[in-house]
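If you scroll down you'll find the structure; I have some questions about it.
Labels run A, B, C, D, E, F, G and H following the written order; every chain starts at residue 1.
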Amino acid sequence: MERSVIFSGFGGQGLLFAGQVLAQAAMAEDREVLWIPSYGPEMRGGTAYCTVIVSEEPVGSPIVERPDVAVVLNPPSHAKFAHTVVPNGVVVTNASLVDSRVEREDVSEIALPLSELASAAGDPRLVSVVALGVVAARTGIVLAGSVHRALVDIVGRKRPQVLDMDVAAFDAGIRAAGGRPIAEILRDEARALDATLRETVPVGREP
Amino acid sequence: MERSVIFSGFGGQGLLFAGQVLAQAAMAEDREVLWIPSYGPEMRGGTAYCTVIVSEEPVGSPIVERPDVAVVLNPPSHAKFAHTVVPNGVVVTNASLVDSRVEREDVSEIALPLSELASAAGDPRLVSVVALGVVAARTGIVLAGSVHRALVDIVGRKRPQVLDMDVAAFDAGIRAAGGRPIAEILRDEARALDATLRETVPVGREP
Amino acid sequence: MTAVAERPADAPFARRTRVLRKGNEAIAEAAIRAGCDAYFGYPITPQAELLEWMARRMPQEGRAFVQAESELGAINMGLGAAACGKRVLVSSSSPGMSLMAEAMSYMAGSEVPIVVVNVMRGGPGLGSIGPGQGDYWQATRGHGHGDYRLPVLAPSSIGEAMDLVAASFEIAERYRTPVILLADGILGQAMEPVEETYRTPPRLAADWALTGADGRPPRVVKSLHLKPEALEQHNRHLRAKEAAIRDAEVRWAGERLDDADLAIVAYGTAARVARTAIARARESGMRVGLFRPITLWPFPDAELRHLATQVRGFLVLEMSAGQMLDDVRLALEGARPIAFHGRTGGMVPMPGEVVAALHRLENRTGGPAR
Amino acid sequence: MTAVAERPADAPFARRTRVLRKGNEAIAEAAIRAGCDAYFGYPITPQAELLEWMARRMPQEGRAFVQAESELGAINMGLGAAACGKRVLVSSSSPGMSLMAEAMSYMAGSEVPIVVVNVMRGGPGLGSIGPGQGDYWQATRGHGHGDYRLPVLAPSSIGEAMDLVAASFEIAERYRTPVILLADGILGQAMEPVEETYRTPPRLAADWALTGADGRPPRVVKSLHLKPEALEQHNRHLRAKEAAIRDAEVRWAGERLDDADLAIVAYGTAARVARTAIARARESGMRVGLFRPITLWPFPDAELRHLATQVRGFLVLEMSAGQMLDDVRLALEGARPIAFHGRTGGMVPMPGEVVAALHRLENRTGGPAR
Amino acid sequence: MTVETRVDDQPRVLYAPPELLADRSTTYCPGCGHGVVHRLVAEVLGELGLGPRTIAVAPVGCSVFAYDFLELDFVEAPHGRAPAVATGIRRVMPDAFVLTYQGDGDLAAIGTGEIVHAAARGEAITAVFVNNGIYGMTGGQMAPTTLVGQRTTSCPNGRDPAFAGAPIPMTEMLAVLPGVAYAARGSVVDASSIGRTKQYLKKACQVQLDRAGFAIVEVLSNCPIGWGMTPVESIEHLRDAVAPVYPPGVIVDRTAPARGG
Amino acid sequence: MTVETRVDDQPRVLYAPPELLADRSTTYCPGCGHGVVHRLVAEVLGELGLGPRTIAVAPVGCSVFAYDFLELDFVEAPHGRAPAVATGIRRVMPDAFVLTYQGDGDLAAIGTGEIVHAAARGEAITAVFVNNGIYGMTGGQMAPTTLVGQRTTSCPNGRDPAFAGAPIPMTEMLAVLPGVAYAARGSVVDASSIGRTKQYLKKACQVQLDRAGFAIVEVLSNCPIGWGMTPVESIEHLRDAVAPVYPPGVIVDRTAPARGG
Amino acid sequence: MSVAPPVAASATASHRRAVRSFIPISIAAARCKGCGLCVAACTKGALELDEGRVNALGYHPVRLTDPSACSSCAICARVCPDAVFTVYAPPKGGDR
Amino acid sequence: MSVAPPVAASATASHRRAVRSFIPISIAAARCKGCGLCVAACTKGALELDEGRVNALGYHPVRLTDPSACSSCAICARVCPDAVFTVYAPPKGGDR
């Protein structure tokens, strides 16, 4: 099964980064994944976005017309992407900046003050990481623990001092979306892993 | 019928010019003609040549493997071209510089001290024009009168002062080849033309 | 051959008024007479005399001539002048043409009408300065990047080259497209008698051209369409234009095809060789004709396909390693056997080789015709 | 889609060690690991990260990196370094590739082994920076002037791109020829997990390379053969080499062809779209497979022709206006119906369009298979 | 355009955006100097009344979009070729005012040949050269004008002159050519520099009108995005680090004193 | 090569053609300066013992044939691109001596960008620049260096600076670039000029060996064919008309005095 | 380009006052990219970015904090890359 | 490149004498293109083009008219574009 997430908003909202963390998390779960930016600094201004496709099979078509999840962090991207999600898709809306809401019955829109949560976590530019927490908590595309490890991997390696803020933002997202604190999740996951290992069953999802 | 003449020798021997005069003469006789140089100042040194193809039909293939007439003005071009003429072809050899002779029975080689004749006519660089006189006198590819008019046309227009020398060189070539002086030829031609005109028959060879 | 000293009976005066003209110079003069407003070039053999003619004549006519710093300079000067709606000629030879690839693609994209002459030489690389036809693919596809095709006209005599210069300007302006006039070293360097009949195509209103925005909204001549959707839309427009050109501008000539059961397909100088070869082959009883594409793009594929209903086989003759061959194969799609004969590197095929190739083709197609 | 908050049972640890890598960077690193001695480039979207990766990594490895003044500079630096027998990579995107046309022809003529990456964007002209495949003709024919063809390898995933980098060096050196690695903006910009397995092709003795004539006769790397006879002879040698490449280096991949009665022909990113479309089409009962050329030249024509004995029709899918289409038509010569679907200007076809095109093809070939 | 004013006290407009500047927001990054230079060009052309007869040439670089923001006839040149394109225009449009606008990658790297030869021919063209020391459009790579030690995406450890050479003083180099009637360098560091830059531009336009030769104005500009700085930091850097390497001022003036401004 | 001498009085050889010059006649026209420059290059490389490690780059121009006459490893660059080709060699062959040889069409017209940037990068390359003021190979067209008033096949009425600009002082222009360690101009007007030219060339080679930067020697040369003169006339013209426009001498020397020659 | 009349320059709290008293600059806030160059350049400290607003481009546009401090020097207009400002001379005998 | 021994320098009428007396220059006449630059440059007037000969390249090669006039200054060698000359120092105590 193939699922796709689009992160959209202004440049400077950390969109590409959040997408990369999601992709890394999916890879760590042995899934296939493709990350594509709306590339080109040749394009100045306007809305930026990136897409992540997660799949059990090698990813085919790289362009997503109708994502499963749309993270929309500013008004133009809400206008552009929110209505494109598949039936029963999820829209994560940054209520701090976006007033409008999707007018479709078959979409679950999660509108949260993501920018404010990000500022609270330490930096408004962490807004995409907060959104990633929401995605992890509410869509199950990847495990929250995988995202946590991806953050450690990507951020921790280069800028360990920033990692704490990132994790806090991610945690804020999960909890705003009604999930349990990341610490708890990690503890549970570790226990589950432990059990799995004791059973000496090959780890990972079915092929 | 298609006939071809190759003029070959050193650069500076007026080869391209003589070929052009021949081509112009043939054109004036309403024939089809193609003149091709061994072009390219990108090629320095070595043998230069040009080819003139005269025909009653539009000229097809531009490259002549076996010319009807080869004018060879220096040793390398004698080595290169003299033996390539068709059976019963004509080789006009500049005996001033070339010692060797064609060793074929089916070729008539006319070896004359062309450079000396040219010097006598006023300039050693007129050697090709002398050779053209030989060609006109001995091959009948074009009328001597046509060549004369071509010289007047081409040289007379731009450098009238040079024309006399050219005509002298041409005349020297004709006479060295056993022809009558150009003045006589022109007079006879004029008479013939006169007669033709009086008959009010369209002038020129049959189509 | 018998030496005939004097033949005053062969009356010497021409019935036609023709001048002897070198191909490069004939093309240049034809462009001037066709109303060419500006010429830009850079020296290269075997095209240099075209530039030199223009250097002398254009200032005489009060028109623009610039010897550019390079072929990149020349073609981009061309772009600028043509964007102002002027009639512009640029010329070069193979290596120089390669340097124009980017600008050609830009001009195709920005729909700039211009005529570019390529007097082809032997390649690849610095190659030789002998005549060649190895830029066929470059001219008909692929030269610059991206999807576009340009009209390519290929004369096979100097007189025809002069006619096609005017036609090239006409096509360029009618469709707002660059046009390539594809000649070769022989056509550039040879002299032939030509009739001095020139044609000046009428000027079309250029409501897109840059003149200064005086009293009207500004105009932009450009190829950038940053939104792929917009660029695709623009490409669809270019495709439609190409279709219109395919419909209206195909040119070809047939010779001795009436009774032919074999045909040579050849263009430019190679077609002249074919003509001589056909004459010889017919002497030995073969019934051969010549199919000569004049537009290489649009290629006369329907016409060639039609000919396949008549002849038993085709011989493609090129001064290249088999490039037009693709277009012939695409046109015929296996309908008839195709033989190929090509010379490269500046070599011109000899009629004898071509006759031999015809014999081989004849054998492949079931021996001499009944 | 149901929201599942936590799924600790889906065990989270990867069985494979993979890294997430951007296509441009993966190609660059693969080249370094393949023993690339020198890189020359010039910034252009969507290829810039390749240059940037090299800017950081090559000096670390003590190898040569130069950001040239232009693509002309870059490719000619490549020519110089490769003429010394070094393993050289140059990269660009469409407009920049066009500027390399002349040097590509020179390198083909002087038999300089080098690998050139083109991360194609939408054209023509400045076009868009979206992904494209509109340089197919440019890569497979005609780019520079003169008769020559170059091996063109087209990956369709980032992992494959890494493999093909090593293969490109190998082919370049085995045959002394430039090789083009033809990617597109998606492959350059996307990130995918890749196995970090690299290959360094063994070095062949380069008894032609310039090293200084110390103790041996001087060597010359050149493409000029002023005598057409000599150039033609050299061209024959190049032709023989091309024949050897055709014999030995054709690469392609088939997917789900076993039971297919329709086939999509597509390469690169378009082939990925085809894969998704095929999955969907098969859900609706169609039996469709994928024929994916990996070498665009030599094109797998015999293989495609063979497939024509099995399937009823072909759909050619391109991110261009129909360029590979020519090669498919040349391979099939009318044996089976061919449909075409293409998007241009930076647009990527959607699987739905492709399925629709398959349905149209199916109808043309006599309705759904029995 | 109409400037509405209040009927009661009718305040005089001291400064208004120039008419030749389009009434839409630019696609340039916040604080980007291209905006300032665009405005200056619009002001100067407007003041000289040249808008209706200007044919401008856009480069490839961030400012390729100049045609979206300046209300002028425009042609888009391939990367670096603007001076050749302008030459083509110049030679066929005797009455046109011909303007090129180029970045430093465009003019000083790939377009070196074209600018040198347009200058050498003394083409009656006015060239605006926006030197921001970087390839803005393609993501901040090193330009020929990048400062020694400056980090960019293609010299991550800072430009090392041992490998990449020293920054090119392009305008000084061009000034050697006799065809160059006027060459000056301004900047966007502050309002008075901007004012001087405007004067240079005006003079460079006048040089064309007088057919005195080729005229070029280099403008030292900022690229906050490419430099990894805030707009304000970038302007400080421009003043403190860039301008000392590229001293502003008139570099050459070969026009007759009677004609000079 | 062996110089045979007589056994009886064994005269000392004062001058012999250099070993690196091939023992075949060149394809250059009678009196062409390329022959002299070839010989000087062969002499200098020979005297410095650089023949075995030289990789030379041939231009497109009459001197493309340099590889036929100089016994060196050679690569043929596309027209104008020799400095880029040389840069590629330089960067991968640290021990090689890298030499370019270019005509004025090649270096000062189509190859402007490449020479400027190789110079700006300060590539350790020695560039020989044969300025004969014309495109010899293609039949005598105007070059950027053609004198004002000089007639060529592409300016039949003489070069008019109003249309074609003034001659480009290429070496002076390059000398502005800090990467240029050494730039000089010699000529072939007479034996002593030729001797000085040889010294310039030697110094320019030493600069490369010292890795001091880019070095270029322009040599004013004649093209009797292109100029339409006899060889002797062409040399007189070179002395009387050309040299005053392009004054010979050292144009810039940025090498440390300790290193200078 | 149309320049908004100065009375309509601002819809903020100071709007009321602006209608009545002289406002020396008009700000095309929709074009402002919040770069802050004008803020840094204004020698009177009369400008600030309005953190409370986000315009359609996504930026906090500049606002005039104190019309009476402004000297109509037009420095802001000259440094602004986005042609946001129109500057008016103080009215002769105006209410300032 | 092989340099012809000076004794074999010339096959002209002066050959005889040359074998016996010192010949200061040797001329690779086959390479000479008759450009005349050396003739013009020789301050001793010791050189001339041999109008009586044409070499394989087609030119009148140069010849030394008077060996005794030649000072071995090598000017000819330095101006010759075709590396025609080899120049010898006069033998110490030679027959000159």
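We take it that contacts are C-beta pairs under 8 Å (C-beta built on N, C-alpha and C of every residue); 3 or more make two chains touch, one makes a residue touch a chain.
None of these values were measured; they are calculated from a predicted model.
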**Q.** For chain E and chain H, chains touching each
**A.** F
Q: Averaging each chain's C-alpha atoms to get its centre, pick out the one most distant from chain C.
A: G
Q) Could you state the distance in Å from the CA-based centre of chain B to that of chain C? A) 33
Q. Between chain E and chain G, what's the gap in Å when you average each chain's C-alpha atoms?
A. 27
Q: Determine the centre-to-centre distance between chain A and chain B, using the mean Cα coordinates as centres, and give it in whole Å.
A: 88
Q | Separation of mean Cα positions, chain E and chain A [Å, integer] | A | 43
Q.
Can you pull out the residues of chain D that are in contact with at least two other chains?
A. 45, 66, 69-70, 72, 95, 102, 106, 110, 125-126, 129, 222-224, 226
Q) What parts of chain G, by residue number, touch at least two of the other chains? A) 57
Q: Check each residue of chain A and list the ones that touch at least two other chains.
A: 41-43, 45
Q.
For a test of understanding, state which residues of chain D touch chain C in their complex under the given definition.
A. 94-95, 97-99, 101-102, 104-110, 120, 122-130, 132, 134-148, 222-235, 238-239, 320-321, 323, 326, 329-330, 333-335, 343-347
**Q.** Parts of chain C lying in touch with chain F, wherever the complex brings them together
**A.** 42-45, 48, 51-52, 55-56, 59, 65-67, 69-72, 95, 125-126
Q: Could you pull out which chain F residues touch chain H in their complex?
A: 1-6, 9-19, 21-23, 25-26, 28-36, 39, 188, 190-191, 194-195, 224, 230-232, 235
**Q.** Residue ranges of chain E in contact with chain D within the complex
**A.** 60, 64, 76, 78-80, 105, 109-110, 112, 135, 137-139, 141-142, 144, 153-157, 163-164
Q | Interfacial residue positions of chain F with respect to chain D in the complex | A | 51-55, 57-58, 64, 67, 71-78, 81, 84-93, 95-97, 113-114, 116-117, 121
